[in-house]
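Below you'll find the structures, each written out as structure tokens.
Note that subunit A is present in both complexes that follow, paired respectively with subunit B and with subunit C.
Let's look at the complex of A and B:
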């Protein structure tokens, strides 16, 4: 049954390539910008799907992890360390080779952390915070879990809004590009940035990351861990009785979904060249929850399609000033009429096929 | 810190704490009859204030406040009838998401109706600079209005739940829904009543606090988080506990200003919420054994 899965992934890859070719033929390559951003937001959504849909643990604080990733990476790669160059910490970092010298537009000397080091640091910090937060939070259930994660998200938002280091209400701008791979053997370097010329390249980077993330998650939910997660969703007591270490399982998934959110935050920040505190707001977290719900909760493909699709429409400004209202309405309508997601109404064929796949095992 | 300043902070803390307590009581009423936490509770507070401010163009202040409360109660009833009444035994996760969706819709509707401007009701007595001297502290008469209204609400509520038939029926539903239905109580209507009641109390709170805290389309969510903190702190469903916890949180917040920047004030109450959730999820005044039997 691996066959179905790899076929679906191949379809997605083909779709991504066809979309890019279509925009080139029709001369609408400006769509690529929003498509790239949608891919990163979809990365958060699929990570959250595993936590909410499969493990059954709600989180209204994932914008917080997204912001931790984005803000740390942005702050580390933009804040000038020259004034601190004498301090032992900076000298140690310099010896590690994670600092880079440059010049700003006024010709001023800059000393900043390299994007790779900043990215790894941001993701590690996000994972660590998720781990420390997850130990007490995941013992909670229902309303308490929802409020605790909402509270966490609000704290991150407040910190971003109130601290000078993170630019207060203005956020951080002029974040440099993220060179994933240096140019070798005549090939151009692989850079995540918002330059006009590298739009196509960035589109493929974003969707490539999303597809790799998707494959990993698909494999995860079909594995022993995935079955354990679903058993937790069904009944925590029964799972415990069957020998599943529920606390550890939930914590692992929580950290994993936080890492997905942080990675998306890092990459999107380098792509956009900056971010503001609104990325950490409660409304963003609610939006991720809405996208998971509309995708069908325990449905990674639904989450990917809806996450990328609706975010694309929203970024294109289709909903106008009713943007938040649309997501609120989606949330209510889906929960009232189709708690299994609207794909359960439309793509019934695909779902039964996927179901058969999971029962065969 | 001088003694005068100490008492001044104390009074500010009590005022804000009482406001949080009223929001928390709104949470408790709905939680007690349905087991639902209504994440849109803060929006009722905002709606009450906003509607009263709009009505003030046409009618005098007391009528505007009354109108704001009544209309918000109708909105509460309408929300319950449209979105919650006909759901068959919905899961907690589903109810959380629905009420969050509702709070977004109400907020966005308020944004489109009233815009982003910050409004407020006039002071009920005197104006911004009227002060009453109470020993070492000077307070605005509006503070006395807040204290008085809250006191009366808590008193009336406890009488309502103890004495009146409707209050007893609501308590019966909270204690055992099935048994209440067998006694001929219409449990669904009781849920509608509880939404109306908590919407009305929220709206009244929104009106009396509006001159002090101002009203804006998005002022509901922060209040809801504070109110929820207080509700948990006092033990979910316990109204007297909510008043005590509200005053406690208000005072902590008021004194925290002298130690940390104002921007982090919200972070403090949320940190308290998280600590309480981790250490004593049944609240300061709740019983741990009773909490274990409840569904969250």
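Let's look at the complex of A and C:
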């Protein structure tokens, strides 16, 4: 079990490297931009897979958590605090060292929150909101839970669209780069931004984050808590009888998936240099659900492959203006013909091969 | 071990459990019998925490547990099986039994995600113990088969193994012989006796009279939510009231 897992991860790492080399050789480096974005969206999808596929709790509001992450980090790192420089709160933040001075494109003095502090704040807020929302909402089941999370997503969308602080319909732009690690010992700094020169670096950062996120979730699924989550999906009553605190488990995994979505939101916003309210829209949430379903619900690998693959095609504009329609159609077709995900159709063959191999050993 | 004191349960106007009191002594096998609708399963759900009694006190290992959540009661050392088997869809037999080790292990969310070395040993113990139980119940060969796709009798065994994995002090069995033939029922009877010999107190609800009479130390008879008798099997067999509710009255004689 463990063996095949690390082998699969190594294959993925190799694939990521080979893809980058291929784009270089064939002179198609422009693909890297969409590949980078796909990795961040896939991060949302794998987080949601653990919630939906393994713990069996649906959420049609995860674009909301993505938007909380993206919007908060964007707003904190772009809004100028100089007019408020005298206030005790800003002075306190300054003493904490989470503020940074800079200049905007017109040469104006800027005082903003550092990306690291903004990132942590954004993720903490997303986790807190998920926690507070989860306590009442996760008592609901099936359609009722879907409706409640849909309501949450709609609220976040309307807040993003209506508040001046979040740029209303224009969203927030000119978000600075996010220096993950400063340059040390001759090595260049690791920065998440949309600069042309750091495209390769950003491709690796995005896929690195996705792969780490994937490893953590794969570990979780195989652990004591992971088994408890899956048992809730199987039979909540029996899980309780076996001593699993189902309410607590569901809440924890809800918060975890919200953190994944928020982190993706933060990083993608710094990469794109901004975001708009469409990132918070219900259609985005539905798309995440569709990608989890296409991946096979309780299948992290399927979610990763389909999440990154279909998002890449969508970002390349393959589906044209029918983009959302395509994802809707995919959802219907998957539910009808391959409820275990598209990969299951061929994986069944592969699995029998693997089984034969393991009995040989 | 377990003590019920004047338990009442109403569902709207229905008095499903009416003033029931009894004790289960440590190390014994006690059975609850009664015709359909007598309130046996309701009583089980009250004890296991799936329902809260309308009034009355339930004591388990010295603590009042009425109204406590099922997972907390489970953590105190009470395990149960269900009348209509409840297994986890999508999990193998081995994994299902490993879930039973939940209360006897502690690795948390972060430890699981990081797969810390400190959790390796615990994982191995969980797996080994679960495997031992599958062997005890003679279903080890199905360890890696999805539990819900097993035959009915084997599913029962998986459920039983899951309950035993919790190392409970008290085991509640809800109709363990339902749907089994006489050979399988005899098998279950031997198994229950063995579980008692392992030091686990057993409380069971059962329709099958032969099973109950053979293995129980004491029997409680329920009818329409009321306790009408409580005694050793031999006395219960001769109790006219029990005979009346089970076999019906002779109209002419009455």
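Quick note on the criterion: the second predicted complex is superposed on the first by the 348 of 361 C-alpha atoms of A that agree within 3 Å, B and C clash if a C-alpha of one lies under 4 Å from a C-alpha of the other, contacts with A are read in each partner's own complex, and residues count from 1 in each chain.
Please note the rule applied: a residue touches a chain if its C-beta (ideal position, glycine included) is under 8 Å from a C-beta of that chain, and two chains touch if they have at least 3 such contacts.
Predicted, not measured: the structure shown is a model, and the values here were computed from it.
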| item | value |
| --- | --- |
| Three-chain arrangement built on subunit A, subunit B and subunit C clash or fit | fit |
| Subunit B versus subunit C as contact partner of A:228, first or second or both or neither | second |
| Partner chain(s) touched by A:252 [first = subunit B, second = subunit C, both, neither] | second |
| Touching partner for A:324 - first (subunit B), second (subunit C), both, neither | first |
| Contacts of A:298 with subunit B and subunit C, given as first, second, both or neither | second |
| First, second, both or neither for A:242, with subunit B first and subunit C second | second |
| Contacts of A:336 with subunit B and subunit C, given as first, second, both or neither | first |
| Touching partner for A:220 - first (subunit B), second (subunit C), both, neither | second |
| Partner contacting more residues of subunit A (subunit B vs subunit C) | B |
| Contacts of A:151 with subunit B and subunit C, given as first, second, both or neither | first |
| Partner chain in contact with A:4 - subunit B first, subunit C second, else both or neither | neither |
| Overlay on shared chain A, then closest C-alpha pair between subunit B and subunit C (Å) | 8 |
| Subunit A contact footprint on subunit C (complex, rising order) | 48-50, 69-71, 74-75, 79-80, 82, 86-91, 95-96, 98-103, 105-109, 111-115, 119, 122-123, 126, 162-163, 166 |
| Subunit A residues within the subunit B interface of the complex | 56, 58, 60, 136-137, 139-144, 146-148, 150-152, 154-155, 158-159, 161-162, 282-283, 286, 289-290, 293, 321-322, 324-325, 327-332, 335-336, 339 |
| Touching residues (chain side subunit B, partner subunit A) in the complex | 37, 39, 83, 87, 92-94, 96-98, 100-105, 107-109, 112, 221, 225, 228, 232, 261, 263-264, 266-267, 270-271, 273-274, 277-278, 281, 295-296 |
| Subunit A - residues contacting subunit C, complex | 216-217, 219-220, 222-228, 230-231, 233-235, 237-246, 252, 256, 298 |
